[in-house]
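Below: one structure in structure tokens.
Chain naming follows the written order as A, B, C and D, and within any one chain the residues start at number 1.
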Amino acid sequence: MNASTPALEVRGLVKHYPGVKALDGVDLIVRQNEVLGLAGENGAGKSTLLKALVGLVTPDAGEIYVRGEQVKLRSVVDAADHGIGMVFQEQSLVPNLTAAENIVLGSEGAAVRRGVYRWDTMRRLAQEQLDKIGSDIDPLARTDTLTFADRQMVEIAKVLRIEERSQHPPVIILDEPTSVLESKEIETLFAQIRRLREFASVIFVSHRLDEVLDVCDRVTVLRGGQSAGEVATAGAEPGELHRMMIGSTGSDDHYHENAAAPVTAAEPRLSVRGMSGKTFHGIDLDVAAGEIVAIVGVHGSGREDVCRALFGAEPTTAGEIRMDGKKIDLPGTRAACAAGIGYVPAERKIEGMVGPMSVAENMTLTKQRARCTGPFVAPRKQAGLVDRWIERLSIRTPGRDTAIGRLSGGNQQKVVLARWLVAGDIRLLLLDHPTRGLDIGARSEVYRLMRELAASGVATVLLADSLEEAIGMADRILVMNDGRVAAEIACPSGGKPSPLDLVKEMV
Amino acid sequence: MRFTARPAAAIMSLSLAAAVLAGCSEQAAGGNDAAAEGACQPSDVRLVGQVRNESNPYEASWLAGGDAYAKSVGLTQERLTYDGDSTKQQEQISQLLAGDTKCLVMNVLPNGDSDTAPIVKGADQAGAYLVTQWNKPADLDPADHRTWVSHITYNGVESGQQIGDALATAIGGNGGIIALQGILDTAAAKDRFAGLEASLKKNTGVKLLDQQAANFSRAEALTVTKTLLTKHGEHVKGIWAANDDMALGALEALQQQGLAGKVAVVGIDAVPDAVKAVQGGTMTATVSSDGAWQGGIGLAIGYCVATGKLAVKDIAAANRAFFAEQFLITKDNAADFVSPKTNPADFECANVFNRVAGPLT
Amino acid sequence: MSIPVALQPATVSAKARPARRLTGFMPIIALAVLVAALTVADPGFLTQRSLTAASRTAAPLIVLAAGATLVVLCGGIDLSIAALASLSTVLLALWLPDLGGLATPVVVLVATVIGAVQGTAHVLLRIPSFIVTLGGLSILSAVALVVSGAGTVRVVDDSAVKWLDLYVGGYVPMSFAVAVVVVALIALVLRVTPLHSWISATGYSESAARLAGTPVDLVKVGAFCVSGACAGLAAVMLVSRQFSGGPTMADNLLLPAVAAIVVGGTAITGGHGSVWRSLAGALVVTLLRVGLPIVGVPSAYEQILYGVIIVVAVALTLDRSRVSIIK
Amino acid sequence: MTVTAGVTAAPRRRTRRGAAFRDAGPPVALVVIFGIFAALSPQFRSVDNVQNIVDAAAVLAVVTCGITFVLMMGSIDLSAAGVMGAAALTVSLLVANNRNDNDFGLLGILVAVLLGCAFGCLSGLALVLLKVPSFMATLGVSAVGLGVATLLFAGVQPNISDTMLKGWAIERFLGFSYLTWIAAACVLVGWLVQRYTRLGRYAFAIGGAEEVLTLSGVRVKPYKIAVFALAGAFYGLGGVMVTSQLGAGLVQAGDGYDFSAITAAVVGGTLLTGGRGGVLHSAVGVLLVMVLTNGLVQVGVSPYWQGGVEGLIVVAAVAAAVIPQRRRNQVVK
């Protein structure tokens, strides 16, 4: 193998699922010591391709070459033996083990002799990996006591173990590593990726195209299970990538700002005074009908808890909440629902939806009046209602009885949103990272939906995925810092603040 | 299995309709008539012995006795065990009675007093010959029934009192004792304890320090005894146990506390280990109840009636429900009981009531 | 895009669907196979009389299992059903002389209230249902012992519960008919009201259900109420059969009831299953408990067979496509 | 690059303090309950009685040790009763006894423990290969164990005359019976296994996040089987110890130990959902349960009420441990 042999090459990979051709002859080349970006909309085949690269999916046809040699990857272990490892999007660490154990898990080597642990050796081995990425985490700390970013470092350290295992420069796959990170943590991660490039090849996957352009040397775009093209990042524009992903020119008005209706209501729909809880204190917040208010803040600023408290899912110790001038009490989520408040949680798979249940059932879980006659479910009424909303939100599903877990992320999110809309009595929507893990197309549809709802008079509180999203969508932005509201910044269409204005208040 | 509402509704309406149309009957249709009394050929007789389980020595010897008797008349005994589970016993009986009951003879150990009534009722309806042992509520009398031939038990009050007296003598008529009770919900446990109380009234020098339930179990008796020994320390001069299993558990406890031989122990049932212990002097006394004989005699009485050698109406009222003979076993006579022997002659139809000690009181 | 860490169950293809339907009918198939096997072992077993007796025997277990199924569907477990049924038999036996026919509804009501108390403790104190009901089991047993004076309470005049001993149309025991009606009623109510989605959602993913505004706590307390009521009703059946109430009468029905639920194919982790499945499961378990000794299997082998068959039956009936990790 | 909606993250250590509090709960409860009984009854606080409590805890401690590993994985094990019965009969028929001429001594004990191990393997295999939930798999194995025990029993109680085995329950060292020392050794071994072996750590990890282990290339199945086998071995030893105490092999040797052991483990702070707790927690739980049982007898609570009071206190103990960490929207199964 010489320096120009690709570290990893994929030729004509094909994978069929019943009814879908997930991969339709994908080609991919990862050079040595290169950071390759992988972009593509949901359903473009990224997920299947990555699974094939770490042995979780067996392709129907096509070849995979590692350092010029053709290989068959049957399992994660197989892939690791060939020097390919992946940092999973949903973190794959065992929470109740130490960081060191997680790092060496599955390839303990000298750390375990005849089934018996050598804690000293393990600590040393783990430290070696952590040193590679310059992390100062205590290897013997329990993983669930670490911060999210630290855990990601542990995960990278864990993947780097395959370097020892395969005796070759590894290929590291990072699947959506930034989706839950705050900006400072992202900076650290990017520094890390650049450091990795010194001795490894990296495949970097993200929905945030600017990030892809920022950290990668080259980007391969997938579309419809095929390679749609390749872009060198130097001088490339996000718009160009976007066009390649969707196959046509994307809308410039990403946040549908021209659909934003001016807020006219004089009385605030939601009015919060002096609300305090475990992680937040003296919160004042007003949201008018039709207004979108974003709350931004660093990790630990308490904004998630404020959002949950407004839904009755987090206890408050003081304060007053009024809806349309009427004082309400929120002892639990039921009371919030009754008051016309809806909540879309950040953890969609765990908190947002019930995976094995059907689209129809998920959509009608909350509002019974819409599907019932008296205390009884009226099957026809329910079917009509659900079909109407499937059409209205253009949810792509084989049918209303399909389990929601089988839909793509964007469609799942639309069903979760529809849950609050079916009864037509929604007055306040709390959106906690509503676009997390969605691709550009799906995001855009969620944004459009938010605009429509606002136009129809729904008040919205948004915890955005990024500052740009907050700025793009909100009419007003509240900045939270250490459990208190640090600043309130108007954010009208045409007079948007810059991200830096917000950051100043956040720290 | 996703039934839609419609079949569910159908089932409901069907069952309701059936109820309305056909009306309800007291008894399942297709019941077979009981054979005329005594009309069975000896080879047609079906012998069934039912006890709690096969995993304790007393009941195992019961079943062995039943087997031996069945063999002596050229039949085999069907063994049923119900793990001390009242509902399971009822379920087995009702399933058994749903089969061929023409010449069925059952020798049953009801789990508790209350379990006797439904067994008797079922047997009566099906015309199966029934002998029950040990447990029966006082107001239920075989004399009022056609096929409930007899009820056999031992006088628990008497045995409880006998060993209580023996214990009092052993500790010199003075001092504290502790009592280990059986399963509180059984007549045996209550009668035996009543016997102890009677004995205590007589032996005023003996003081009952404490009483705890150990559920006839050797293991529970061990733990309870240990705790009570610690609680009352040297005041404990004797241990009264409602059966031998618990007495043996208490012996182990004494041994583990280093008190072996210093505290007198009495029990009831004369299981082989206990008799040996009495013989060896570690235990003071026990009372005989003869499992092998019980297992055989119940079948024998039923068999004699079924084959016509004995007519129910000829059986004296005193023999329809009786106390069987029992003996207090002490060191003096223990040797006679070490290897219990059953005399085949006891099971001859003319002799089946030889061991009657008296009518139930 | 995401690659979920948990390997998701493969998409059900058209080919897999008949197999899936087959697992749905597995409890019934298991039942049929068992009856066939027992008949082969003892040809006298398959008679109308013996099936009638078996169905009568199964009635209390069916009712117990049906009630507890709701708790299991919610993702919990109710270990107190048997002890509660025992206590109910005692109460019924004690109250029958005074209350007569009224005793039955009163006992069922009391059992419901006790179920509600346990459910409330589970929900409000946030104690796992396993622990709450384990504690409930000991407490209820103790109460039953004290109330009954640790003895059996006989029912001399059983006219008020005698109707359960009748036979519908001469063949179907009334208690079995009542059990089937109870199951049908529960199934019907679940089907035509939002309760079905609420219970499933609670069982599959409690946090998602709660954040969707489902009355999770109410649903759970309700499930415990139904479980309690069913225990009370099972107690009435037992009293009508045994003419007495006892503080330990139904205690040994706990594990068979749980076995019935699981053999029926209801996932013990919650969400997936139905009361109809428990009906079939209860019949299987009853046949095992009663049928094996009757066809002449010796006691020791009976236990071994029971253990093996239960495990195999569960292996057959479990719909594994719904549960990714089996604990 | 994008400036995202956050800058720094202050590390939150709250969970850690919560964990320490959680772990301290059961020992504190133990001390408190002991204190209450000691105040109520002078007999209770006697040295003899403390010895008695510890001795009485021996068997339960061994069984709980085994069950803890299973609970740590998030599974449940109800097979103790059957496995202990089978082991008790096996050992009593293999050491010097009144039924046959065998006199294998230690070897007999080893065989009984291995038999327990084999039963554990059966549970594990049913779980892993047949995918039967452990609740049912172990229930089935328990029935099989009882059946085997009944077969071996064959109607005559085997009384042991092996002096060594009988001596375990009688001989004392430093005031405690040998059985107690064996139990202490088991707890120590259990703790070492949990802390220092791959088996123990993986059992812990399986309870934490089983799917992650699979993704990391760990073959989970053999470890699951091994954990059940380990638990079975502990039950086997428990059966042997009961036999030593009773001087005879009883089919019912393990009656009630399944639920008692689970109760003890849970009271000690092991979660039924897995991933938390451990052998030392369970040891505390066992002492807690034994102190309670003994104390109730000592203060003279009616035997009728004892079970009820125990149940109430167990619920209260768990509630007390849970309430400080109560949150809204918490999942409790």
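Going forward, contacts are C-beta pairs under 8 Å (C-beta built on N, C-alpha and C of every residue); 3 or more make two chains touch, one makes a residue touch a chain.
The structure displayed is predicted, hence computed values, not measured ones.
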Selected pair, greater C-beta contact count between B-D and C-D: C-D
Chain of greatest Cα-centre distance to chain D: A
Centroid distance [mean C-alpha coordinates] between chain D and chain C, Å: 28
Separation of chain A from chain B, taking each centre as the mean of its C-alpha atoms, in whole Å: 70
Centre-to-centre distance between chain D and chain B (centres being mean Cα positions), rounded to whole Å: 35
Chain centre separation (chain A, chain D; CA means) in Å: 42
Touching two or more other chains - residues of chain C: 5, 7, 145, 150, 192, 207, 210-211, 299-300
Shared-contact residues (touching 2 or more other chains) in chain D: 150, 211-212, 215, 304, 329
Numbers and ranges of chain B residues touching at least 2 other chains: 53-54, 184
Pairs of chains in contact (touch as defined earlier), listed by label: A-C, A-D, B-C, B-D, C-D
Footprint of chain D on chain A - complex, ascending: 75-77, 80, 88, 92-97, 101, 105-108, 112, 115-117, 119, 142, 144-150, 158, 178, 181-186, 190, 208, 210-211, 214-215, 296-301, 308, 312-315, 332-333, 463-470, 499-500, 503, 506-507
Touching residues (chain side chain C, partner chain D) in the complex: 5-7, 75-76, 121-123, 125-132, 134-143, 145-146, 150, 206-207, 210-211, 255, 258-259, 262-263, 268-270, 299-308, 310-312, 314-315, 318, 320, 324-327
Of all residues in chain C, those that touch chain B in their complex: 24-25, 27-28, 44-45, 47-50, 52-54, 56-57, 60, 145, 148, 150-154, 163, 165-174, 177, 180-181, 184-185, 187-188, 191-192, 238, 241-250, 252-253, 265, 274, 276-277, 280, 286, 289-291, 293-294, 296, 298-300
Interface residues, chain B side, partner chain D - complex: 53-57, 60-61, 63-64, 181, 184, 212-213, 217-219, 222-224, 226-228, 230-233, 248-249, 252, 255-256, 258, 271-273
Residues on chain C engaged by chain A in the complex (per definition of touch): 1-5, 7-8, 11, 13-14, 192-194, 197-198, 200-201, 204-205, 207-215, 217, 271-272, 322
